Amino acid sequence: MNLHSLVNGMARHRVGSALLFLLIFPLLMPYEALAINILIFGLFAVGFNLVFGYTGMLSFGHASFLGVGSYLTGIAMVHFGVHWIPAIFVGVVASLFAGLLVGYLAIRTRGIYFSMVTLALGQVIYYLFYKADRWTGGENGLRGIKAEVMEVFGFRIDFLDPLTKYYIIWMFVAFALWLVSRILASPFGSVIESIRENEKRTVACGYDVARAKLLIFVISAGVCGLAGALRALHLSVVTVDSLHYLQSGQVVMMSLLGGMGSFFGPFVGAGVFLYLEDIATNVTKYWMGVVGLLFMALILFFPRGIWGSLMHELKQRGMLKGDRE
Amino acid sequence: MLDITPSLFMLQLVTGIALGAVYALLAIGLSLIFGMLTVVNFAHGAFFMVGAFLGVYFLGLTGNFWLSLVIAPLVVGVIGLLAERYLVRPLYGRGIDYPLLLTFGLSYVLIDVVRALFGIEGLPSSTPASLRGAVDLGFGHFPLYRLFLIGATAVLVLALWLFLEKTRYGLIIRAGSRDSEIVRVLGVDISKVWWLVFGLGTTIAGLSGVLAAPTRAVNPEMGISVLAESFVVTVVGGMGSLPGAVVAGLLVGIVFSMTALLAPAYAEMSIFVLMALVLLVRPQGFFGKAGALG
Amino acid sequence: MNHQDSKNATAANRRQLLQLGAAGAALGTAPFLFNIASAQTATIKIGFPVPLTGAFSAEAQDQVRAAEIAIKEFNDAGGFNGRKAELLVRDDKLNPGEAATRTLELIEKDKVDFIVGSLSAATQLSINAVTRERKVIFNSISQSDAINEAKDWSPYTFHEALNPHMTAGAVARYAFPKFGKRVVYLTADYAYGHEMVRGFERAGKTLGATTLADIRHPIGAADYSSFLPRIQALKPDVLVMCNFGRDLVNSVKQATDFGLKEKTRIITPVLLYTARQSAGADAFEGVVGGTSYYWGIEDSVPAAKAFNDKFRKAHGGAVPSDYGALGYAGIRSVLQGVLNAKSTDSLKVSAAMGQLKYNWYKGDQYFRKCDHQSVQSVIIVESQSKGMKDKNDVFKVVGMENPNEANLRSCTELGHKA
Amino acid sequence: MNPSPLIEVRNVSLHYGRFKALSNVTVSFAPNQLTAIIGPNGAGKSTFFNVLSGALPPTTGQVFFEGQDITALKAHDYARRGIAKSFQITNVFKQLSVHENVRVAAQMRYSRYELFKPRASFKQAIEEADALLNRVGLTALRNKTVADLAHGQQRSLEIAMALAAEPKLLLMDEPTAGMSPEETSSMMELITALAKERTVVLVEHKMKLVMGICERLIVLHHGEFLAQGTADEIRNNDEVRRVYLGQG
C-alpha cells in the first residue's frame, strides 16, 4: 500500500496507531525511566490541551492537578496502605474535585485574567500542600510509595522491572488517550471547539457555555490527575515542585512545542521536550536558555508546533483528508 | 507569645510600605505595558533581575551608586526596546496568548544569559556607603536605605504622573491605552508609541531591580518569585491601571508584612489568597475597567 | 558476578532482540538507536547525581572535582583486582523529581554499582527512595536528619555528611555559653530548618538557654525585613539563622541593615564557604557557624593538609569547599568498602562500610551501626572581614567538637532496634 | 390583540447608569408575522433587539414568551425555547467548516453534553445541516473553512445556523448590512419566505428596505416607543414624519 493511504489509514485510527508506536517506544529511548516520563507528561499535556488548545483557555495552574493526583495517590498508599490500583483511583477523583473547585472560581474570568486566576489558585494549592508536611512531607517530599508486586494470570507485575513498569503505565495512558479521543469526537467535543471559536455564537446556539467550560476543565483536571498518579508510582516519591507554577508553564511549553491545535501535538511536544532535555543537560549547563530560544523561535515561526506543522503540510499536499490528526 | 506593641506595629507597617514600594514599581512597569499593548510581560521578573545584576556590576565598575542607578535601568530599557522590536512586535494581532508565551520563553533566556555572564551563584551586593545604617523613627530603628526606597518610589511615581498628565507623549499614551484608534486618528505612528512604552516599562523594571539589589541576594533566579508577586499586584490593582498598581503594591506589601508578624509562615501564601479573593469579588481589580475582561 | 548483574545481562539481550524488530518498525527514529544501553563492563561504576545547575551549582562542581580525585587515587592504586572505578556525574537540577529520574537512569541504563551524591535534603531523600527499593548503596553527602530515621533508612543507606542535629548541637554548645542565653530563631519553614531548631533547643536546654521566639519564614523568601522588627523588639542575645545558602545570605544581610548586630550576636548552624564567598565579607562580619570542613584546619589536622594539597595540585591552587570535601570522602568510603569486602555486591559492601574506621580528610570517622551516620568532628568557624591572608582565608577556626555518638540522636529515638 | 402574542415585552426599561437606553417600552409580536423595528440611530433598536434575545437583561419590566415570563432566564435558555438570532456583525465559527457550523447549531436539539457517542452517530443533525445549506445556497461550499467565505456568504451561513435551532422566533439585526444590491435582494426574498413559517423580527435602519415586505413596523425614538402599524400607517403618521423623516 502506498504512503498516501498509509497516512490516512493511520489518521483514521489515530489512537490505535499511536499506541502501537508507544509499544516499541521504550526500546528507542536511551532508558525506560525517560520513556515512562514521556508517557506520563505526554498524557499530562494532552489533558491540559483539552482546556488550552480545544477550548481556548490558557490555564497557568494545571500543575495543581498533576500534583494533587500524585499526592493523593501517594498519601493513600503511604498513610492508609491502600493498594496501588485503588490508590490511582483516589488520586484521579481528588484531582477531579480540585478541578471542580479551581474551575468554578476561574471560569468566571476570561483571557489574561483566566491565566492569572489559575496561576494564583495554583500557588495557593502549592502552599497548602507545602504546609501540610505531616501528610505531604513538605519540602522533603512524600516518600515510601511502594507498589506491591502482583501476579495477574501468572504474569508478574513488579514495578522494579523498568519494562514491566512501562507497559503497566502504558495501559493506563492508552485507556486515557482513547477516552479523551472519544470525548473530542463526541457532540460535547464540538461544543467546546465552538466556544474556542466564538463564545457569543455558542450561547446564541443555546449551549450553556459556563457549564461546558466547567465540565471540560474538570475532565482535563482528571486526565492530568491520572498522569500525576502514575508519576507517583513511577518515581516512588512525590515532590512539591510538581505543584509549582513553573511546572504549569512547562506543560504550556510542551503543548505549543508539539502543537496545541492537534490531538497528539502536546504528546509529541512532551516527548521532544524531555528527550532534548535529557541529552542537552549532559552537554550544556544552560539548558533553560536553549529551551527558551527554541520556544521563542517556535512561537515566532511555527506557531502550529512540530506535529501541527507536519499535519498541516500533509493536508496541503492533499495526503491527509478532513480534520484528522 | 504574641507581643505586639504599638511601636512594633508601626515599624512593621513602615517595613510593609518599603516592601510595597518595590512591588508598586514592578507593577507600574507591568501595567504600563499591559494597558498600552495588552501584552502581559512574563519576562518582567527577568528584566528586574537583569537590572539588579547590572546595578551591582556598574556600582563595582564606577564605584558610584547614583551613576549605576541611572545607567543600569537604561541598559535594561534598551534590551526591552530590542525585545519589543524583534520578538514581540511580529506577534501583534496573533492573539493575546502569544506575546505572553514568548516573553515566558524570553525570561528563560535572560536567566541563562546572566548565569553565563555573572555566574550561577550571583553577585555580592551591599548597601551603598552613603545610605547605610538605621534611623530612629521615634518608634524604633529603621534602615536608612529602605526609607530611601520609599522616597525614590514616591519621586518616580510623581515624575511618571507628571509625564503622563502634563506632556504630549503622556497624552498620547493615555489616549492609546483607552483606544489605539484614537491615536491613529491623531496621526501618530502607534507602533512607535508601543515600542517606547515597552521600553519605558522594562526600564522601570530594571530600575526596581537596581533599587532592590542591596536588600536581597542578587542571583539569576531572583526574578521568578518577583514575577508572580508583581502579577498579584497588577491584578489586584487592575490590569493597566497605574494608580491601581501603586495602591495595590503598597497594600500587598503591608499585607505581607502584617502576616509576617502574625503568622510568619503564611506570609507568602497570604498575597495569593488576597489576589484570589479580589478576583472573585471584583474580577477587574480595584481600578480595572470591566471591559478588559472580554 | 552478583544477582543484579546477571539479571541485567539477560535484560540487555532481550532488549537487543526486540530492538531489531523495533528498528524495522520505527522508520525515521533510527537516530535514537545508538542510545541503547551497552552490555556490562568491568569497571566499578559510581553514579554521582548533584545539582550542577541551580542555586548550589558552585558547591556541586566542587563536589565533582573532589570526587574525581578520590576515583583517580583508587585507580592509580590499581583499583579492585584490576577493576577500575568510573564516576558517572548527572545533573539533578536540585529538583527531587529530576534526581529520582536520573537515579533510575543510572541504575537501569548505566547499571551503576553505587550511588554517591545529592546536595539537598529533598533530593537525597528522593534518591534514597529509589536506591533502597533496588538494593543499591547510596552514600549521601548532604545534610538531613530524616534520612537516618528508620522510616527512610535501609541497609543500603549511608550518610557521609553531618546531620542538622549534630551541627546545630555543636554550634549551640559553643555559642550559647559565650554570647548569651536569650535566643531567637529565624527559621526557613521546611524540614531542614525545623531539624536545626530542634538541634539547638535540645542542646540549649542543658545549657539553660531560653527561646524567645521561633520565627518561621517561607523558604526562598526574597525579603526578610518584615520579620526583623519583631526580632529587634525582643532584643535577644543570640539570633540563630536556621536557613541555608541564599536564604542565609539574604537574612543576614538584611539583619545587618536593621542594625541587629549592635546588640545581638548572629549565629547559624551551617556557614557555607561558598555562600560567604558570594555574599562578601561585610554581610557575614562576625557571624559564627558550624561546618563539616574548612581548609584552614590543615595547620592542626595532617589529613586535611594532605587532602588540600592533592586538591590544590589537581585544580590550580584552589582549596576545597566544605561540600566539595564531602564528595571526596563519600567516594572513598564506598571504594574502601569494596576493597574490604572484596566484592561489589551491595550487601557485602554495606557490611564492610559498617566496619570502617577511617580518616580521609578531617580526622577519625566511622559509620554508626544502627543508622550508618558518619560519626565525625564538627568545626566551628567565625567569618572574618579583615586581616585575611588571601581570598580563601575567609573564616577563623574558633572551635572543634570531636566525634562523639553522644551528640547524635539515639538509635531508639530514630526508630532503629539498637 | 388576537391571536395571543408569541413574545411580549411589558414596560421594559434598560439603563446604563444615568443613560436610558430603553424606557418603558411595551410591545408584542403575533405568531408568523414579519415585523421590523425601525428608528434613527441611537433610537435603542439594538438594545431592544438584545432584550428580545436575552443578551441584555432589562433593568425593569418583563419579557413573556408563549405566555411565560422568561425575563430571568439566561441567554442560552432563550435560544433553547426557540428564539434564534443573527448578529449585526457576523458571528460564526471562523475556523470550522461551513457544514460543521450549521451542524453544531442543529446538534443543540439532540445532544449537548453527551461525552461518549461519536458526533457522526447523530445523523439527523448532519442531514438537517445539509438541508439548510441547500436552502441558503451554500451546498457548494459545504467543506470550506468559513474564514475563506465572502461576507455575504457568511451572513447566509449565519441565518442557516439560526434556522438550525428550528426557532419559533427569528431575530435579525440588520441582516443586509454591508451586502451588495444583489445579495440584499436575494436576502430579502429569503426573509419573506422564512416569515411565512415563523415569526420574524428585523432591526433595520434602511426604512425603504422594510416598507415593502413587512406586515408591521414598530418605530422607536430615543429609547421610547413612538408608533406602530402597517407601512402606510407609519408613512402617514405625523409623529414619525416629524422625528424620523425630519419633515413637517
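By letter and in written order, the chains are A, B, C and D; residue numbering begins at 1 in each of them.
The definition used in the following text is that contacts are C-beta pairs under 8 Å (C-beta built on N, C-alpha and C of every residue); 3 or more make two chains touch, one makes a residue touch a chain.
What you are looking at is a predicted structure, and each value in this text was computed from that prediction instead of being measured.
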**Message:** So, comparing C-alpha centroids, which chain is the farthest one from subunit B?
**Reply:** D
**Message:** Need the central chain here, defined by C-alpha centroid distance to the all-chain C-alpha centroid.
**Reply:** A
**Asked** Taking each chain's centre as its mean C-alpha position, how far apart are subunit A and subunit C in Å?
**Response** 35
**Message:** Quick check: how many Å separate the C-alpha centres of subunit C and subunit D?
**Reply:** 73
**Request:** Just give me the whole-number Å value for how far the CA centre of subunit A lies from that of subunit B.
**Result:** 33
**Request:** Any chance you could list the residues of subunit C touching two or more other chains?
**Result:** 53, 57
**Fill in**
Note: subunit D residues in touch with at least two other chains are none
**Request:** For subunit B, write out the residues touching at least two other chains, lowest number first.
**Result:** 120, 265, 268-269
**Request:** Using the contact rule from the top, write out all pairs of chains that touch.
**Result:** A-B, A-C, A-D, B-C
**Request:** Give every residue of subunit D touching subunit A within the complex, in rising order.
**Result:** 53, 74-77, 79-80, 84-85, 87, 91-97, 100, 103-105, 107-108, 110-120, 122, 161-162, 164-165
**Prompt:** Where on subunit C does subunit B make contact in their complex?
**Reply:** 53-55, 57-58, 189, 213, 215-218, 220-223, 225-230, 232-234, 246, 249-250, 253-254, 257-259, 274, 277-280, 282-283
**Asked** Taking the complex as given, what residues does subunit B use to touch subunit C?
**Response** 1, 3, 5, 7-8, 11-12, 15-16, 18-19, 119-127, 132-134, 140-143, 145-146, 215-217, 219, 221-222, 225-226, 256-257, 260-261, 264-265, 267-269
**Asked** What residues on subunit C touch subunit A, complex-wise?
**Response** 11, 15, 18-19, 21-22, 25-26, 29, 32-33, 35-37, 52-53, 57, 90-91, 93, 95-97, 100-101, 104-105, 108-109, 121-122, 125-126, 128-130, 133-134, 144, 146, 151-152, 190-192, 219
**Parts of subunit A lying in touch with subunit C, wherever the complex brings them together** = 21, 24, 27-34, 37, 133, 137-141, 143-146, 160, 162-163, 231, 235-237, 239, 241-242, 281-282, 285, 287-288
